[in-house]
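Note that subunit A is present in both complexes that follow, paired respectively with subunit B and with subunit C.
Now for the complex of A and B:
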């Protein structure tokens, strides 16, 4: 039986009167590419913020690689936040230097290879980039890190189809066969489905369905059709 | 780079931060044009004031009392900047404690205040000497006294900056947290502390001015050291409270 990368037990997180996560229980195995799926407000981003220690749960427990989440465990997590932007005055090159200084496990050579693959020039400034180019830069800053967990919160949001294809191709190429646990939340299930080998469907702060992607497909059909059935 | 070594690079990054987003930054020629225009206006007004005898050399150094407020404002802006520019997620997920995250911004804000303080000192110093030269007779001992008094004023204002900066940190973090309802209370406490400090300031500082020579004097009581030390301890506690709020009570 594989070890767990992330374990959530009866986690409740509330924003005012609204419950973002409600007695949420989930176990994510190590070394899988996991699709965290669900409509807006289902608790995906809240789950990621709890895992990275950005916020704290009111009840329940979370363990990341067997430890309580916080700034120390962030050494082991590459996190692309929801609706994130990059420092406008940074060029790609400066962003890589920044990452070398502040992000443990960042590999400059890998980042430069990915930048070339995703059509980013080193002298491009983030402030002058298109949304898709900026998203690719931020994605590179995450996936060029040698860490056990990568979390990508809506990495394709607001990005045109060509950029999406480039990002997904880059992800598939870079992450195939790795032993890292990758959590990706997205609404673009059609295009991203090939990435996932594990899927979790959330709704109203609870897990509706979860498991090995192949098993789910054999039971229910394609991942996007499961979503259509679940959230009908 | 090991995690324990990222504090000073973070201070450097926070120090370099610019208030205006680079997405809408004014171009270099425009900035130069504005700098020249402002310099011409200041020099023009100083020259006119000197020639008609309406100089305010005695009050010139009071301008540096704005430094604690600048510290307060830049601290708020440097934290707010992370939210406004969409980089807050990157900032908060750095593998460094909340206390160090805030302390790096706090230290960067103080460095900025030192830089602005030095700049203000040079500008006021040059304008003051220029006024003395225009009005004449120019006494080097009076000019020296004027510049020395300026050093005292700038040091005094800089010494008050840590408290103001720490309060700014707590204020801006509280606004983005579950303790937001306490923000008006924080303001009231801040204003009350400043009011008490200024009402008692004559016990610690005496100023004097000789109109005939433009000579300015500033006598600082030794007890002022205790007051400043107390403000620094308070600043440290405020940063700790702000870090605690950032860690436990943030609303994202």
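Now for the complex of A and C:
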């Protein structure tokens, strides 16, 4: 039996009167590329914030690789928040140097290989980059880390088609083999769905449907059509 | 459904069906049709995943299955190759032919045709696209 990367049991998280997650139960196996899907406000980012220990649940329990979330488990997680930006005055090279010092498991050689593959020059400054170029830099800072869990919150949002393609190529190149679990939330399902081998659909802070992507395809059809049916 | 070419191979993946089954099916048809030769090297998992823009685990699943059924052989450090056994390829051709006939008969049956109707129809096509 495969081990679990993330286990949430009856988790409730409230912001004021709004329930972001409600008796939320989910188990994500290790080594999968997981699509975390759902409309805005369905609880995707709250789930990520709970996993990374940025916020705490009022009720229920969360385990990340068998441990409670906190600074220790965060060494095992590379997290790309939604709309993340980098220091405008840093070049790609300086960002990599910074990452080498501060990000556990960051591998410079991998980052440089990804930068070449994703067409980012080492002397480019973040401040002069297009949104797509900066998104590629942010992705590299995340995936060039040798950590068991990677979380990408909307990595394709507002990015040009070429950058999206390059990000997908970078992800495919880097996901081959291993026990690494990658969680990706995205609205751009069409482009990303072939990357998923596990998918979870959220709505109003609950899991509507979740499971092995190939089984979901065989039972209900394409991931994007499942989404259309669920959120009609 | 977009067509993607990888060396001598052509894939058409439909996102509404399990992807690994389609890779397996399309690879065996390519072998049965002679589009890829016996003993020829096939793309690595990573190369095929990149070309098809799909999860490498899914390609890996298909490759394991291909090896399991004897369609391919993995040589350590060299890669994955189509089987060199003509006998096995003949078996695949027969299995594929059986599947096509079964699907055809099932469809005709569901349209209400009897065996003798089918025989009669098929004989009208004699010499069509088949030698």
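Criterion: the second predicted complex is superposed on the first by the 232 of 232 C-alpha atoms of A that agree within 3 Å, B and C clash if a C-alpha of one lies under 4 Å from a C-alpha of the other, contacts with A are read in each partner's own complex, and residues count from 1 in each chain.
Here, a residue touches a chain if its C-beta (ideal position, glycine included) is under 8 Å from a C-beta of that chain, and two chains touch if they have at least 3 such contacts.
As the structure is a computational prediction, the values presented were derived from the model and not from experiment.
Undergrad: Now for A:40: first (subunit B), second (subunit C), both, or neither, which partner does it touch?
TA: neither
Undergrad: Just subunit B (first), just subunit C (second), both, or neither: which does A:225 touch?
TA: After superposing on A, A:225 lies in contact with subunit C but is clear of subunit B.
Undergrad: Return first, second, both or neither, reflecting whether A:193 touches subunit B, subunit C, both chains, or no partner chain.
TA: In the superposition, A:193 contacts subunit C only.
Undergrad: Have a look at where A:172 lands relative to subunit B and subunit C in the superposition and call it first, second, both or neither.
TA: The second partner, subunit C, only.
Undergrad: Output check: A:217 vs subunit B and subunit C. Expected answer is one of first, second, both, neither. What do you get?
TA: So A:217 only meets subunit C here.
Undergrad: In the overlay, answer first, second, both or neither for which of subunit B and subunit C A:79 touches.
TA: After superposition on chain A, A:79 lies in contact with subunit B alone.
Undergrad: Between subunit B and subunit C, whom does A:104 touch in the aligned arrangement: first, second, both, or neither?
TA: first
Undergrad: Give the list of subunit C residues in touch with subunit A in this complex.
TA: Counting only subunit C, the residues touching subunit A are 13, 15-20, 45-46, 49-50, 52-58, 60-61.
Undergrad: Of all residues in subunit A, which touch subunit C in the complex?
TA: 31-33, 168-169, 172-173, 175-177, 193-197, 213-215, 217-218, 221-225
Undergrad: Going by the contact rule at the top, pick out the subunit B residues touching subunit A in the complex.
TA: Within the complex, subunit B contacts subunit A at residues 1, 3, 6, 9-10, 13, 18, 21-23, 85-90, 92-98, 247-248, 250-252.
Undergrad: Provide the residue numbers of subunit A that touch subunit B in the complex, in ascending order.
TA: 15, 49, 52-56, 71-72, 74-75, 77, 79, 81-89, 98, 100-104, 125, 127
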